[in-house]
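Labels run A, B, C, D and E following the written order; every chain starts at residue 1.
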Amino acid sequence: MVSPIFIIAASLGGAFLLGLLRDPWRRASYTISLLVLAFTTALAGAWVWGLASGAVQAVDILTAGTQPPFAVNLRLGIAEAAMVLLINLTGLLSALYLRDTLFIQGRRAMAVLLIFSMALSGIVMTRDLFNLFVFFELAVISTGGLILLSRDPRALAAGFKYLVASQVVSILMLVGIIFAYHATGSLNLDDMAAASEQLLKGGALAFFLIFIAVVAELKLFPANGWALDIYESAHPAFSALVSAAAGSAALVAVDKLLTIGGPAWMEVASIIGIVSFVGANLFALAQNVDRRLLGYSSVAQIGLIVFVAGQQDILGDSYLFVAGGVLLAHAVGKAGLFWLSGLIGGRELTAWSALQGNPLLIFAFASFLALLIGLPPFPGFYAKWELVHLIAAEGRLLLLSLLLFGALVEAGYLFRWFGYTIKRDRHPEPVAPSLYKHGVIGIAVLAGWSLAYLWGELSPHANLLHAAPMLFALMFLAIEWAPARLKNAVAIAGLLAWFATTYSAYDPLQLIFALIVLAGGAVILLASFQTPGRRLGFYPSAMLMFAGLAMLILAEDSFTFFAAWESLTIGSYFLILRGRQSEPHALSYLVFSLGGAFLILTGFALAAQGNSQFALAGLGELVQPLAPWVFLLLAIGFMTKTAAIGLHIWLPGAHAEAETDVSPMVSGILLKAGLFGLFMLLIHMGRQEFYGLDLTHAMMWIGALSALLGNLMAVFQEDAKRLLAYSSIGQMGYALFGLAMMNHLGWLMALMFVINHYIYKSMLFLSVGGVAKRTGTRAMYQMGGLITLMPLSFIAVLIGIIAMSGVPPLSGFGGRWILYNAIMTSEYRLPMILVFLSGPIAFLYLFRLIHSIFLGQLKDEHRLIKEAPFWLVLPQMIYVVCLLGFALVPGLALRHVDAYISNFLPQGALNWEGLTITSDFGYWSPVSIMLIVGVIFSLVFALLLLVNRKAQKVKQFNIVFSAERPYRPETTHYAWNFYASYRKALGFLEWPLFERFWGAIVDLLHTAADLSRRFYTGNGQVYAIHLLAFVVVVYLLKGGV
Amino acid sequence: MTLSIGIALLLAIAMVVSAIMATRGRRSLGISILAAGLASLLASVMFLLLGAPDVAMTEAAIGSGLTTFLFFFVLGRVRRGEHD
Amino acid sequence: MQFEWIMIPYSLLTLFIVVNYGMLLTALMQKIGARVGRRHGIPIWQNYFDLIKNFGIRSSITHGTMFYLGPVFRLTGGIGLLLFVPTIYASEMFSNLSFAGDLILALYFVFFGTLGMALGAAESGHPHATIGISRGLSQVTTAELPFALAVFAVALQYQTLSITDIVAAQQGGITNWTAFTNPFAVAAAMLSFLGSMMRPPFDVVLAPQEIPIGPPTEYHSSYMALMQTNRAIMPIAKIVLYMNLFFGGAASWPVFCLKVFLIYLFSVFVGVVFPRFQVEQSVRWFLIWAVPLGILAILVV
Amino acid sequence: MIKRFTLILLLAGLGAIFAGLMLDYVPDSELNRTADYYAKNTAADLGAANIVTAIIVTYRGLDTLGEVTVLFLTAAIVGLVLARDRHDQSQPDRELPPTGELLATGTRLLLPLILLFGAYVFSHGHLTPGGGFQGGAILASGMLLMLLSHPLRRFGHRTIAIVESIAGLAFVFIGVLGIALAGGFLDNRILPTGTLGELFSAGAIPVIYSFVGLKVGAEFSSMLLNLSETEEL
Amino acid sequence: MAMIAMATGFVLILIGLFGALSNRNILRMIVAFAVANTGVNLVLVAVGYMDGRTAPILNEAVPVAEATTRIIDPVPQALVLTAIVIGVGVTALMLAYAYKLFKTKGTLDISQYTDLKW
């Protein structure tokens, strides 16, 4: 294999060669630059391949034919090779991207670019401290040159600020180096590491100076004002290079130093890293300029990697896997985003809406964001998993919570940005059409996905990109060009086929969930046939969600479970975001969901005790004092998904603003994921005592409160879909309550709610969606009298509300009946009072729903509307049949589960013999009830028909109203603020306490970010002073070294 | 030995004084630049005393000589710019 | 217990007795109320006359399907409620159709008629109907609450949801009645009872001044007849439930008549004493007075 | 004022760190391992009398390569910065005060001597103090002299660039030759080490240092040129 | 001796940094950094200094055999050489920047260049 020294030699030779050419020979110069970069990239690539496949060993490259420490030597191991590859590849791509700029600037700029990538490679490879300094200075100076590539006049000032700061850095570093040399008698890093004892005795201060200087080169928060200015003003291709390549190189340098510094300095690195991660992410919250935001995000990510480097004492063998995963994901994602920003005309975040209409670029954008945040299946996900597990096992919980908090904030602002891009009015300036730039971005996307695959292979877990559901979802990306109806058919077939193939793998409990997710999903998807065109983005998102759900049900270990959980979260986020007004709601959904997911992650990590593989069944073997904590974290995480009260504020908007066929998916199906998680949790862990508090008792209260307040808030909604959304909170509250009772019937009831809620909520969302589609509004008071125009929708809603309110003879009653039987044996009585309170309230909003939409006077503007489209009505009718069927023979679905639950809670199983279902306390005969009610109803009806055969159909206005005949429907339409008196009496309960609470937290974060970022005054001297302060503060914190 | 220490002390004092002159903002820029150059020149003498003739030469030629000229060139251009 | 065909004629018999007793009792109560107010009041047979008259009226209009079905729902609800509850304790004959479901069924079936009626009235498009429904639903849902709590307290007390078993547990002397063994539950339930009887002070739903006759504004002729039938059945059906749960049930028809009369009288008694509440007042009233009683009942069981 | 106060405080902190360094500092009484190796082996291995030069050119040749690259970079960037400037300049020539006859004549006389001296310094770097950098700086001072005497003269940027590039390429090439012919990159033993103390000794050190000198001279010259050339260009 | 040089060096660094970070004029900042660089060079050489030894050049006075006991550590000197050159490079770059900045806004006051902030 060719010696890696040629990576340096070739770059330098190329740079010097460029000096020979005449200025106007731009094309030749450019070709040479590209060739050199391609050569170095290929060489690095060959080494990576060779080292990875074991064909070659890590090499030490001697110079001057003399052994180190007497001459400078370089080293290339797998990590170094990968970094060099990353640097040169980024350099090559940036050079491609910079084509036009380089043509204008000429050969000097190209030479500087070559030297920049050479210097970074040198930083990575060198094993000599002073040589490291030289390469750093080279990088600094070439940075100073490359900043000038930007057309932004402000870049100049940014560059100068950078030079000022780097002067301070280099002074510190030189002083440090010479004293370190004096202490150890060597400049070789390995020698120093070997002598670290001695160094740390005599030269601790010297080491401190070197360390702090290198850390400052990383542009860590808060001593990084100049770096942010550069990110904001430099050419995006260069920013990409700085963030991805220079950042990575400096990280390698820090890593080298840490081998000298040992654990004491790792601690410092951890603290600096985590402060940087959290601080920069917080500051980024207040950013409106895309590149500055990316700058902050870069700072945060690099902080994260420094943190990882600081944790290498506990990471052990997986250090490279974790650090590499985070680093590469960051590099590819950030470089990609910077490149992407070069295509965008405006600099404010909303200007990215120019990407609309460019599905490929949006896909790229989404991929990059996912890379940054560490969503599955990207490397950051695997890395974060390992990292969190190991940190948790070590009990560094403060660090862990800071880490996850920072990650959450980061996800928040990145996805907010994504929301702007998708939903804001399209920016007038179109995307730049440069083929080169698009190509470069394409390569970055490819690299990101390849890394995803690679990390999947390297991880000890199953590769997520091998999971059939995931691949099926990704396949839709490839067939995005196809018409929506075709894709829909494929999607339905896929869901059903997966159900058929996995059928035998389910236990009865899983079967119920699988039925709802897969078969149920297929039914809802029938409604999607209604949408014409191509419906870009819908199917990949929806199928990603379904893939996550499908994997969730079958998950046996915590990793698969969590990966599935995140997948379904992300998929559903994209899905919800499609709604017309859904941007803020989708964001709050995502932030809550990810917050919940992080709690789950922490829970699993605590439970696993450092093993990254952990079977879910192992949850049952946990003991005090760990078990209640795990339980608590997981339960809160799952309850975020079920929108338990307090964590519910994301739900109404998200469900209401989603598209017509999406609302039933996210409401009818997605909410069940949380319940599934809770089932899993309770099956494995059972009751847990937390400082004397029975946690299931607390859950009961939460469930009951959710039921009450969810229902109450639904009563006061004017928006039909919002009403249904709030009602979901209530319904999930019932289910949660049932689960938390920890008795047989409670669980059965929860399952009953799972099934019922799926059916009637999907049905209601579809009918209401159909109505909204026809009338063009969701405000109920703007509708009315639609019964004659949309009879089928009316029937669906009628059946739905009868079922949902629990009025016999439909299936909702079964749920109530089991509920009452369940609480007969429950230990706690107080929370069930809340459940009682909430029951009749449900009746109120349900009546309002049907009344305000279908009854009363028809509005003038609605006189000509038609029944909802066929494809919307069809699933509703299927649901009507299901509801009736389920009402008649609930045993069909519940018997086996009932038996299955007996495995865990043997007491109180129901007796399903004959037509009557019997419990220890009462009995219930669905068929008889149905028959009796039917017969009485028919008889009375017949009587009425008999005496009132020829009822004359009169117009609705044909009424007497205050001694007048009303002429305008509005005057007779009493629908706004329908339950006015109820609001007067109980409206105080609707006070948006939780909205205010969460709103206040968000405001606080934003205000804090906005105020504290003024710390970056823009003055170069102030930045340098920050740097000095950083040095002094770290010095003092380290206790004077 | 004491002689060289005495010289060194004198040099040190002279250097500090010229450094202060170079960095105090009140004097004209030209004088500052010259003072910085002087400090550098004195440093090169110090290098000789410290047994580093190579460094002394370099400091004298580059640090003190060339740098000063670079400063003056830029100063000149800026001055001319100011007149425009 | 299983269904047998003989149950049908038995149930019809119960129905017949209850309808007649209900008609007479309602009239009687109105008369008592009038007398307290120093008025003469209606004749005791008045309800029969009205019923026959309404069935006989030829003019009939409809505003649509739900309008047409509303009274049907209403009456079905009344009859169903009556028949799902055993009328006479320990009587095969008058256990009606209670094999189909237990206490919970009765508790929830109350809403069947309410829902249907509201739907039907709403389709008339008459604003007064809407106002009445809004008020009615607000009030009835709150009024049902203490009752539900009380019912549950009773169920917990006797550890069963079967009405027959509950009545059985109260046999053997007046002190065994729930009214004495669990006074809080009974108090809560009786307050709730006031609210569901559509009598003062909780009759704003039917408020004659503002709205001719509340939700049934547009109903007339045979619709009205069905509703009147229901108005005869429904109070009795409810009272039967109360009687069974709290007052030892009835082992024979005379006891039945007496207990029903007394319980009914209670609501009339309160009604003539108190002025009418506004809806939000009554909602608060139930929540402040009746619900805590119910909660107390559950806690002390 | 707050800024100044903070600065003083922080510098006091930094001063404390420096003081700490000084207090801990114990001068070596013997050469450390590395220096000892150089003292013992330089003469035998490389044949260079000036150990500093030997270190710079060979043992730490990579640093030196980086160093000349720094200058190359700086020259290129200064060119880049000011070249951009020239595009948007359209000011008419301005008359500069004429330079004295004495300076012009002196320059003509001195220039060859200076260049020769520079060449001497960098070619004898392995024997005596001085070397490529110092020599290069001397070469550049010749250029400086010319600049001062003929401020309006156009100088051969092109020539300077070619000298610079060829010298740089040669440096790299010799370095690579080291891999092929001797022990590794920048090994100077591609040429015979000769006798200690002679001009043609120490392997490729004089050659490399000469190229370094040329390159450094060219780079400094180009920097000076770029910074001094007035707007009329 | 070494101590004097070292102390002078450190003082020069501090003076230089103070000048660089308190003067608003960009050219003065660069001058101050040059002073600080001189200070750094002094420190570097001073650390390598050993009393009573001579420059690390082998000649008649210092034969190879006695080199170990006679010469000063050559490594810091080699490092300083590099550092000086790099320092000049950075200084030149900063000067070019200063000039260019001056061209864009007509001022050398660093506090005027705060378009990018927060």
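Everything that follows uses one rule, which is that a contact is a pair of C-beta atoms (placed from the backbone, for glycine too) under 8 Å apart; a residue touches a chain by one contact, two chains touch by 3 or more.
Model, not experiment: these values are computed from the prediction.
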(request) Give me the chains shared as neighbours by chain C and chain E. (result) A
(request) Compute the shortest path length in steps from chain A to chain E over the network of touching chains. (result) 1
(request) Could you quickly compare B-D and D-E and let me know which has more C-beta contacts? (result) D-E
(message) So, comparing each chain's Cα centre against the centre of all protein Cα atoms, which one is closest?
(response) A
(request) Report, in whole Å, the distance between the mean C-alpha point of chain A and the mean C-alpha point of chain B. (result) 59
(message) Centroid of chain C to centroid of chain D, CA atoms only: how many Å?
(response) 106
(message) On a C-alpha centroid basis, what's the spacing between chain A and chain C, in Å?
(response) 53
(message) Between chain A and chain D, what distance separates the C-alpha centroids? Give it in angstrom.
(response) 54
(request) Provide the list of chain D residues touching at least two other chains, using ranges where the numbers run on. (result) 3, 7, 11, 14, 18, 25, 28, 32, 34-35, 38, 50, 52, 60, 63, 66-67, 70, 73-74, 77, 81, 129, 133, 223, 227
(request) Name the residues of chain E that each touch 2 or more other chains. (result) 2, 7, 13, 17-18, 20-22, 37, 47-49, 55-57, 75, 77, 79, 81-82, 84-86, 88-90, 92-93, 95-100, 103
(request) Mind pulling the residue numbers of chain A that touch at least two other chains? (result) 130, 134, 137, 141, 144-145, 175, 179, 182, 187, 1021, 1025, 1028
(message) Which pairs of chains touch each other in this structure?
(response) A-C, A-D, A-E, B-D, B-E, D-E
(message) Using the touch definition from the top, list the residues of chain A that touch chain D in their complex.
(response) 3, 5-6, 8-9, 12-13, 15-20, 22, 61-66, 69-72, 74, 105-106, 108-109, 111-112, 115, 118-119, 122, 126, 128, 130-131, 134-135, 137-138, 141-142, 144-145, 148, 175, 179, 182, 185-187, 202-203, 205-206, 208-209, 1021-1022, 1025, 1028-1029, 1031-1032, 1035-1036, 1040-1041
(request) Would you mind writing out the residues of chain B in touch with chain E in their complex? (result) 4-5, 8-9, 11-12, 15-16, 19-20, 22-25, 29, 32-33, 36, 39-40, 43, 46-47, 49-55, 58-59, 62-63, 66-67, 70-71, 74-75, 77-78, 81
(request) Quick one: which bits of chain A touch chain C in the complex? Just the residue numbers, please. (result) 785, 787-788, 798, 802, 805-808, 813, 816-817, 820-821, 823-824, 829-830, 832-833, 836-837, 839-841, 843-844, 847, 850-851, 855-857, 916, 919, 921-925, 928-929, 932-933, 936-937, 940-941, 943-944, 947-948, 950-954, 956-959, 961, 966, 971-975, 978-982, 984-986
(message) If we count contacts the way the header does, which residues on chain E are in touch with chain A in the complex?
(response) 13, 17, 20-22, 24, 26, 29, 33, 36-37, 40, 43-44, 47-48, 75-76, 79, 82-83, 86, 89-90, 93-94, 97-98, 100-101, 104, 110-111, 113-118
(message) Under the stated contact criterion, what part of chain D meets chain E in this complex?
(response) 3-4, 7-8, 11, 14-15, 18-19, 22, 25, 27-32, 34-36, 38-40, 42-44, 49-52, 55-56, 60, 63-64, 66-67, 70-71, 73-75, 77-78, 81-82, 85, 128-129, 133, 196-197, 216, 223, 226-227
